[in-house]
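First, the structure itself, so that you have it in front of you.
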Amino acid sequence: MGIDIVSNRPIATILSEALPNTLQLASTGLLLALVFGLLLGSIAARRPGTLLDTVLGVTSVAFITTPAFVVAIVLLLVFSVQLQWFPVTGAGEPGQPLDRLVHLALPATALAIGWVGYLARLIRASLLEVLSEDHVRMMRAYGVPERRIVGRYAMRLALIPVVAVMGIGVGDMISNAVFVEIIFARPGVGSLIYNAILARNFPVVQAGILFTVLVYVTANLVVEILNAWLDPRIARSLGPGS
Amino acid sequence: MTEASITVTDARVSFGRVQVLKGVSLLVPAGTCFGIIGESGSGKTTLIRAILGLQRLQSGQILLSGKPLQPGRTGARLRAMTVQAILQDSTASLSPRRRIGQLLDEVSEVLAEPKDATRARAAALFDRLGIPAAVTDKYAHQISGGQARRVCVARALLMRPRVLIADEPTAGLDVSVQGDLLNLLQEIRVEHNLTLVVVSHNLAVIRQIADQAAVMCRGEVAEVGDAAQVFDAPQSDYARSLLAAWPRLHKPANL
Amino acid sequence: MRALLADVWASPTGRIGMVLTAAILLFITFGPLVTPNPNLLAVQAKFLPPSLAHPMGTDNLGRDLLARAAQGTRAAVLIAVAVVALSSVIGALLGVIAGLLGGWIDRAILIIFDIISAYPPVILAMGIVALYGTGASNLLLVVTILFLPQFGRMARAQTLSLRNQPFVDAERILGLGTARLVTRHLLPNVVGPLIVLASMNVPVVITIEAGLSFLGLGVQPPQASLGTLIKDGYIYLDQSWWPTIGAAAILAITTLGATLFGEALRDASDPKRKGGFQ
């Protein structure tokens, strides 16, 4: 990809140094979103129509609609500046896992919030749909405990739409990583592109965007394959003879 | 020799591997009422879609009044001023979000005729066809099926075509109205000096109205000739079996 | 239309959305009229906490933050509405043409949509703005392009289901040209679901605009936008947190209100969703 004229180093090297930081951030964010989204979504789906369900619903929308950079600033202000529980900036010392984890906590939360809301709603809707299907009613009639029905059977089916949106999720994480990396002054592909834009260093901008698109497209491909593997109906439509 | 209003020569159409028209040739003489009979899947709808320019031919030729039509806007306009049609589902063939009056105004656009002139002609036609004038302010879903069909006839006639194609003109109408409509079409054919092509799977309809008839079967013309001959002395095996399967209330006199 | 709004009002979340949206609309309509000049400098009065004279405090140059927020929210909403209007009209046109004509035109338009959605949205916007320059008009253009695929794909799907309706054949038989067929008979039937999608995208566009302006790639100073307000506040976060939090709260309220309203509108206009459980 050539040599960066500003730092006089190969652009590929600069990118490959920045990439792990962004990948760690994005995957931690996605993981957090999955865990809490599933949790809130299944809680709401077990009690449809109750006050708790409505509160969780509005909270989810608020999570979705509040931009990640606003969440990041608020987290930074509250937990780093005022309470001083977490470090303000940086990604932590390389080779010190605990330090890196502490530095990751707030940025990853900022990334995750929106998708917690989104996944909670998605899970609620698809769980409710699965739970109203005949085979689930059958299990209830046989006296299978509700907890087991949800945990063991329904959740697996309800996860299919979640996997389907993971491609968009990766794109969102990468996009929002730009803001989060800037606000928490973390090194990464996002802040690299941003600083290159400010410096009008276009070869680095181009390379960074190319790189990001590559990651995005790869992630989408993986999701597509995973999706086909999970849902036999899609596999059939992808296979020969369609 | 009478003038031919539609000439179809060796028309072929296939959808994927299925051949829907396997070389159809047909001559519709001007000023007659021509019936096309066939079961569903016989290719009769594809044939009239091709005549109307809605279906491209893979090979073969269709002449209107002896002339081929060039593709593009001028050809489409010329075709519309020569052939008009009323489709099976009249209510659904009136655009749902436009008032009937607005749909009639489109005729004046295509013909480049002043709106008032078209409206005046439309009023006269509505009167002739027994459509209340108030219908112009309504939407398709607000009028009855019979009215919708008459509106479609009126809209087609406003174009002053030489040929009028009616696809299953009696489908979905009450039995009492069916006969009235066929009579009306026949009268209009005479008044406007039209060639009328009636397409139906209903043998009784064709029998009542057509001077000449063609029987279509699996993408081919099985038999064609004077209606009386096709019905009373069919030559092809298919036409014979089709007629034998027809439960008739009145046998033809000469049998 | 009235019945639709009554349905929105009938749902609890829809009612919240309607109230918030109405409040924001009042704010951006009358706010700039009753507040002082948003660009009036008063350096000796910088970083004032909220008071009667300055209900949201002042910023690093002593400018009244309520006035700047009113101006900024107005800019954000206007840009978002313009983007959604442009994007939905162009997208719908492309989608209808693709669905109606099929063949290579359909494939070409779909490929364009695929290329646009192959980029993570903010990254693509950053790249284009970086290459072609910052500013409100470029921002508008970029975000419009970002949203084309959504509207286009929806319009295409609608057209595919309309294409085989008899009235399309009937208009063709009458000799109507493609342009008139599209504008007069197809678009009106696509418009309903498109309006719903558009209203749901307004808060998304507000978010993206705020994000790009936060990065300094959108609306340029001294013109205020919610994103630039948050950015200005963020720079001086160690001296005062009022500016940031005030603008962030207004941004959150705007997007939350618009989203709740849009979703209630979608549910009300979709007969299958009405009544909830079936």
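The first chain written gets the first letter, and so on, giving A, B and C; residue counts start at 1 in each chain.
In this text, a residue touches a chain if its C-beta (ideal position, glycine included) is under 8 Å from a C-beta of that chain, and two chains touch if they have at least 3 such contacts.
This structure is a prediction, so every number in the text was calculated from the model and none was measured.
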Worksheet entry | Arrangement of touching chains [line / ring / star / complete / other] | line
Worksheet item: Which chain lies the greatest distance away from chain B when centres are computed from Cα atoms alone?
Response: A
Item to complete: For chain A and chain B, let me know how many angstrom lie between their CA-based centres, rounded off.
Response: 60
Worksheet item: Centre to centre, by mean C-alpha position, how many angstrom separate chain B and chain C?
Response: 50
Worksheet entry | Length of the line joining the C-alpha centres of chain A and chain C, rounded to whole Å | 23
Worksheet entry | List of chain C residues in touch with chain A within their complex | 12-13, 16, 118-124, 126-127, 130-131, 203, 207, 210-211, 214-217, 230, 234, 237-238, 241, 244-245, 248, 251-252, 255-256, 258-260, 263
Worksheet, complete the sentence: As the complex stands, chain A meets chain C at residues 54, 57-58, 61-62, 64-67, 69-70, 73-74, 76-77, 81, 171-172, 174-176, 178-179, 182-183, 193-194, 197-198, 202, 205-206, 209, 212-213, 216-217
Response to the item:
Note: in the complex, chain C contacts chain B through residues 165-167, 169-177, 180, 184-185, 188-189
Worksheet entry | Sites on chain B touched by chain C in the complex | 49, 52-54, 73, 76-77, 79-81, 83-85, 87-89, 92-98, 106-107, 109-110, 152, 155, 159
